[in-house]
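Encoded as structure tokens, the structure appears first; notes follow it.
Note that the chains take the letters A, B, C and D in the order they are written out, and that residue 1 is the start of every chain.
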């Protein structure tokens, strides 16, 4: 009997972990614990102190079952059979031979017979965003994204024995290569120059002679982990005796200080111009005479004063820089990128998804949401909502209605009336403790219940006890 | 135990019919038989002769189970629970009271608690394109579309007892109102004037005083059918004692002779200008003197000759009109609108979906598609492919990779080399008979197998016997 | 002393003619007389009967002074000096040597030193739309456009002795080559095939071997005229002993029956659909089975009926075709293309340009427009205004505020209230007779004066006598 | 005999000045001298020290002839008669009565009879950009623009006695109100608040009660000058006994430090990110927890460190800020805004406009540009060219081919090969001295002559002596 895509389950280590995490109250702690498991036995402290954005880390476990259940080739086969995987959209067929990198995607749906025929002929298969097809990968990544405060993505790579699917290159993300099956020979190279350290954009494919000598060469086996920062060139190829399946977990794409400044600086300048007349004063009438590239070597006290003035105005920008608003702009982007949360069965029971409202015997039943002053509530996750000011309005952005398919949905938000923002801040600061509806800082009990109800109906709030007994 | 959206099954009449249709060879006959069932006991001949595009038809069956299993409120409830239904996208909440029609859609996902709360408060619930959520509706419509040669769509309407959800109006489609549960009081009115007979576009909402007296007034009960042509104003309301669920099956939107001419005329004129110098000859140098609205009452032999010339040129257009190409342009639109086919289990076995190619024990198995000269093949359905010329190329449009969600996918086609078009025409003309691969009119056996394989791999072709024995 | 661009005056023949035309009342007669002069001694009747759109006409006059004063190289030199001529916009520098056609335009303003340097090196100089720079060419073309009811344009070509500036090609306009100075060897070739007779678009450059043998070969000398229809391939080169200057006057670009039908057919179909239910009726449900390119050879009574129906509907289109409205659409385009009229000194005196309203000694003087019931008025030209219906409005399009630079101004029009349209029609039908303001068919005398005043102030109306005595 | 628009000449003071300026070598000195005349007897030093961008200046001269010849109502009348002035484009008809500001522009050309009728009925007439119609205004502004290093524009305002044409408002430009004829009562008000000091954008019209008490109230008479900075509210009305004509000369629109920073900051950040890894380092993984508007009051050492880091990165931006390149971007905008230079008769003789190349007696004459190593050349004006780097290229922007009509022409530039940039810098630094062609720092004499020739042919270079003797 052939497996269907619904049936796959995590192996002992992962299954146990996810079960434990179901009991952890704070979603940031869930994320931290999951990340610790990913990089164990290395500690988070050591990892972020010594490796993150600095240098590769290799963890060799000699435990093929460690990551079992995260993803497998059998699950990939079932996904091809049961779900609508499209060549070029969800799956790339590639090869790298004699220094030549090729893509072989036909058009249309990727059915097993065609896909496996490519594989048999030596092609690599890269599944993009497997979280759209695998519930476990979705669960895994959705938890992890709170660890990074930045989108966490993934691709899987299936490579036939004795072949290589990709040319050496570097990426624009922090990469965690999780070896799931078989083994793969990896070579990792340092950034070639200062400008390629922590780059903003991925590289083109390199020729072998462009990349120097590897700083790390190893054969990853199932259960092993290899991390390297963006900018580190890498290539992996299969030994003649074994295929390879790995999943690369990635984060921190366009998440640098510079990316924040790109949002911050135009707003800072606009506010400086509005608030500080010094920015509105005219340029010297003669400035063109001693500035411009033609005059860049000119020595002139007017030029010196001009440059000093520019320096002063740039430095003073910080006084007007709306840093928090710019962070919220970045947060909006992150919230749009986020995977929606995966609820445990218990969480479902405590959430809007557990309500018994239904059609039965020709009429609706149990339609009321029975919130009272004593109902105990909390946010489902910490990182599931964010309050942002936009113009005169306060908007609540949330991830709960995002799709597993990247950016398939528009950013989701609702406007929050001023009298409710304190209530939401209260829920955030109380998290993960449950609070009584009556403790929400709103004026009337009706307001308190209304706020709790609207958040509950959007799937953002859960109750401490089921609203209905089974 | 609550039902999930997968579990719903057709009732005795529909189940039996679909089983029988599984044995019918020709997809057009499947479609015809399904349509006969829809309008039984009226015959197709009588329907198309007396009612279609002419006047309403009411079929009263006194058999509540007749349409059972097509859709139900219980299935609607399960869909809300299990699938991502969005307010405003897939579901509209409406009311019509004291002559005022309102829409009450909130933003975001439509969860049962919220939806049923609206219902309890007297709102109607219109589910758009239920074929995206219900496998039976999908199956039903996908078969029916070959009957009409035009997109077949549907909406379902759930109305609480004693309420009305919509104002009187007319639509731009032929409507088949299939009463599924409860009962509804309907009033149907003739088009108000010649210009509203078979209109191109739907009307706004009317006030009661604008629509005159109904030509048909009735109470539909479960198992009944009401048909009316586009342009017939209609309104339905629930009696105080029963809710109502019906599904409206629709077709022939923008599918008139005029719509065809909109594609045909510009092409016809372009060809006439290219091929016939009479269209390229200059206008009379003095024509502005006796034409134009200012001169419309002028009596002048030059004006008479001018008008006669225009008449001649319009009449002669037919000589250059590429009618077949214009039809193919229309067919392309229809193919883009089409639902993808639903395969029976047997058909799956005989199609690319039945191939055993798979991942097993660390390697791929049974990857070959073992087509030989003796393999017997035919198209899966007749109306699943269409050859169209575009410029110098021949493109094969097909519906097999469409989505159940309207226009979610781009039109699907592949280019066909000239040596293969005869093969495809042969498959079309042989349908529903199976033919041997060796009988395909291609030059070499390799070509014959290549053509069969490419169509098979796209899900367009099935074999007479399974390629692999179980 | 060097000439300025203002100083050039027509030679004896043209000067005399323009003087005479100043006395001609009807602008169409002015146009007809000017055209007769252009093609003399051939009569208009013979020209339009035997040559127009049919075959070339060569008129050899042995009178170098015949066209004198229309344009000259000395005027071209003065224009370069005094006006802002831009390379690539107003002037092209070209060469054709050894079968290779090249354009040598630099960027920016074309000053004499640079232009003449190109000329000295064997380049041809094509001035585009010389009417923007030469008052005589403007005058000439603005009169002529009423002869054709289609935009009349021009280019001038100055070619050094012993060179050729352009490759053989055909144009999309009727061409009148007016030899102004020197001489040029011309070869004209028949259209190569039926599809190139009276073509809609100009050809690319041809190689000599593509064009066959000329049907006409001659050396044009100053005072000669060569006409050929669009589609006739042509090339001209200078003999070793003389440069050449000619002006090509052109008309009838996109002015064919087909061009009118492009405006007419979509409107006709729209009206047919609105007014005739036969166009709104649905296509046969089975039409895709016997139509389309795949079925183009099928013999089937349903196909025959289908085609017959299409034929009927196309033929019947004439019943709904708004021919006059389509003509007015074409007229609007023509009016936008038109050159503004050139007023004689007398006309200026009788028009708004002759009003004495002015600033003098610190205040305004003679501001009133003293129209009374007895003022005698008429339109300045017949072809200067056109009434068009647009939606519910009547718009008066006019050419008087166009620019000498092609399409520099937007189409000019004003809305006409219903009570004034009869007055404008009356002015058109009375033209060129003067009528009393009191005879205008408006309700009140105030209305009559108001209509006359608004047309007068736009420069469209003149009075019989000056409103103010000098 | 009525004046034509060509005939107007400057009065004694201005005529004498322009004559003197013709002898001044350096174009910046021309500009400075012209500006001194404009504000005499106040010195430039005092003006820029005490008034510019600070407070109004009133200069009362009791010399009605002082500005005579710059512009007059008689010239305005002649312009209406001779040139194509369009309502709404070149001329606005306005009124301000009982607190209500109205615009009365009809469509189309503004002819004297219509314009003067508005005036007689109490409307004000604002001519926009009179430099397009008046050679003296053009001359005046084109010289002045080098004084400001920013576009200098103008409008003229003609107001009937006893009326006011505009509501109180402030503008976004420095304004010099030059009273030309009659007199006008002016009231000027301080900016109402800090944010309206030196504003970036003009205000809407104000009601009288919004603007407080004037800081300056006066009656300007012909020959007087009133300056006020942007942001100062102002209104002017005519006394019952005299009309008023003034021209407002304006500059420094969007020419502030903030406007420069808008160009500079994005480029600075891009360079910082490219060159300094600190900008490419990732944000802290937990930053969303203590930043954002929700956390703006949080006290947390991580927040403090975050803000300090942002401050550091902003301050450090100056190290990477391409100030010169940003200035050149601004300069490009200024060069596009500039009026083209007005050449004196002498300058014409020494420039490309003085070359004798011409058509004479059937052939070209004197076509060579006889540059030799000994030819003495210099730039026509200092502020007529600017070298800017763009990507890898060096472009020479220049104003000489701009139009008198604002932005009618695209920005004009040509690419300069690397071997010629030194030559252009040499010409700039030598200006206003003449240099020998052989002194240009190019490799070969051919290069030197080529560079001089191309600049000369674009009208940017003049020779010390005429290249040809008369």
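To be clear about the criterion, a residue touches a chain if its C-beta (ideal position, glycine included) is under 8 Å from a C-beta of that chain, and two chains touch if they have at least 3 such contacts.
None of the values given here were measured: they were computed from a predicted structure.
Of all residue numbers that take part in the contact between chain B and chain C, over half occur on both sides, making this a same-residue interface. If you average the CA atoms of chain C and of chain D, the two centres end up 40 Å from each other.
Centre-to-centre spacing of chain A and chain D amounts to 51 Å, using the average Cα coordinate of each chain. Between chain A and chain C, the centres computed from C-alpha atoms are 65 Å apart.
Along chain C, no residue makes contact with two or more other chains. If touching chains are joined by edges, the resulting network of the protein chains shown is one closed cycle, each chain touching exactly two neighbours. Two chains count as a pair here when they touch; such pairs are A-B, A-D, B-C, C-D.
For chain A in complex with chain D, the touching residues are 48, 52-53, 147-150, 174, 194-195, 197-200, 252, 255-262, 264-266, 268-269, 272-275, 277-289, 291-296, 306-307, 309-311, 313-315, 317-318, 321, 323-325, 327-328, 331, 334, 383, 386-389, 425, 428. The part of chain A that touches chain B in the complex is made up of residues 2, 73-74, 76-77, 81, 84, 107-109, 111-114, 116-117, 119-120, 181-182, 243, 352-353, 355, 357-360, 362-364, 367, 369, 401, 403, 412, 414, 457-459.
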